[in-house]
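Notes follow the structure.
Order of writing sets the labels: A, B, C and D. Residues in every chain begin at 1.
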Amino acid sequence: MAAVFEWPLRVYIEDTDAGGIVYYVNYLKFIERARTEYLRNLGFGKDFIFNNDLMFVVHSINCAYQKPARLDDQLLATASIVEMGKTFMLMEQKVYRPSGLSLDNELLFTAAVKVACVNRNTIKPQRIPQPLLLALQ
Amino acid sequence: MAAVFEWPLRVYIEDTDAGGIVYYVNYLKFIERARTEYLRNLGFGKDFIFNNDLMFVVHSINCAYQKPARLDDQLLATASIVEMGKTFMLMEQKVYRPSGLSLDNELLFTAAVKVACVNRNTIKPQRIPQPLLLALQ
Amino acid sequence: MAAVFEWPLRVYIEDTDAGGIVYYVNYLKFIERARTEYLRNLGFGKDFIFNNDLMFVVHSINCAYQKPARLDDQLLATASIVEMGKTFMLMEQKVYRPSGLSLDNELLFTAAVKVACVNRNTIKPQRIPQPLLLALQ
Amino acid sequence: MAAVFEWPLRVYIEDTDAGGIVYYVNYLKFIERARTEYLRNLGFGKDFIFNNDLMFVVHSINCAYQKPARLDDQLLATASIVEMGKTFMLMEQKVYRPSGLSLDNELLFTAAVKVACVNRNTIKPQRIPQPLLLALQ
């Protein structure tokens, strides 16, 4: 069973739009924060990534908006590995509004995100370094 | 054959990130501009939408990043209708870097976007008004 | 002596630009988060603001960029009241990169921000409610 | 008398916030577009800047918000040189909502922006190249 990493975040006025809800684009910022913190939490922060001359870029996304988030909401963004390739990882990510009872958590946004490991200079696919691969499996 | 609406845009520093390329999230801004201008071009601007108490919200997206855009690039974002439902429209959208020869156009980003028509207050599905439905078919 | 409220934040890729540093515009997001959390911390969150039909809007800013922030930096944004008027507050705000020794803190950004209290519907000046005025003085 | 460069822009949903108006931070994006297009218009685009290993960074801003802009507004952002130094330029910038009669133009935002010319790698002050200096004077 895959571990699910959770990252808390608050909705600020910067995240909203004139519809009075979180601007649809910004959910992608929220889930990227969760991906970044997930890797950092495993010990693979900016230094590791720069020292290996690599960069993680999003290859493709399949996402659905379930319910709107609103100003001041306290949310959780999640990240979990679904599949590891040699040069990519497939992640399942969610944004939800937690409730006292986890049964009552409200799911707002779900995404399947394929992230490719590329060379920082050439932007060509590059193998995910072994230590990171092991940590994520 | 479906009409393809094209909207030009320029990449500014605000659109880029520390990877030196357009931040992945911002392609969703680009294609929303194309959707908005497409509707405006057909005569359905903000007034029409407000007068009908409706709002268009993104229901789901399936998208792929092909090549990075860079600072100062002059790009085209497209929108075309793939399917019209009573309360939703499915659009195919692209972002590409045009070339003198259209054969040499570089495709950067593709997305299938399902947009739902909802009531502005309840955020429940609402029928797309008949004049707009006719214009889009 | 005025209290200084401090709010921690992390620099994500969403905050950076192709210059490899935090995009200059985003410091204004950082200091607004500090203002919002300052008021929330005093017990004046979104509910208080909505119930009083008011909105805080920025009237003017005088700001200077001292040093660039970079990806992954852990920063502190501050807010402190310099002057309270009947319908506005003048705040001093900073963003800095803390160090183990506070003497070595690096100041990145300073701003004097005048925030006006306005009616949510008319966007005309409105008196700051008494309880908030008292809490801020 | 200084020339005033004008750049048109449209307010999209991406520019707004839950207050129903343009998010205060985004006026800084609007005026940066005007600065960029002003330089490009004089023949000093990205290539010139990169070939000279320089970067323009904002040193300080003094700005005031006069009236809110709203979704779909067609605006003009301006840029004009107030003072040229060896390593900086001081610009006056405005955002306004044009009217049929220019007397009725609505001023929304004004800013005095000091832009410093720095070396791209060291981020230390660097002389503005002579051709650009001459073009701006």
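One rule holds in what follows: a residue touches a chain if its C-beta (ideal position, glycine included) is under 8 Å from a C-beta of that chain, and two chains touch if they have at least 3 such contacts.
Here the structure is a predicted model, which means the values were calculated and not measured.
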Greatest Cα-centre separation from chain D belongs to chain A
Do the two copies chain B and chain D share over half of their interface residue numbers, or under half; same or different? same
Could you work out the angle of the rotation that brings the CA atoms of chain A onto the matching CA atoms of chain C, rounded to the nearest 5 degrees? 180
Rounded to the nearest whole Å, what is the centre-to-centre distance of chain B and chain D, using the mean of the C-alpha atoms as each centre? 27
Expressed in whole Å, how far the mean CA point of chain A lies from that of chain B is 23
Whole-Å gap separating chain A and chain D, where each centre is the average of the chain's CA atoms: 34
Residues touching two or more other chains, restricted to chain B: which are they? 13-14, 19, 21, 25, 29, 32, 71
Chain B partner contacts - residues on chain C that touch it in the complex: 13-14, 16-21, 23, 25, 70-71
Of chain C, residues touching chain D in the complex: 19, 21, 24-26, 28-29, 32, 55, 57-65, 68, 120, 123
Show me the residue ranges of chain B that touch chain D in the complex, using the header's touch definition. 12-14, 29, 32-33, 36, 45-46, 71-72
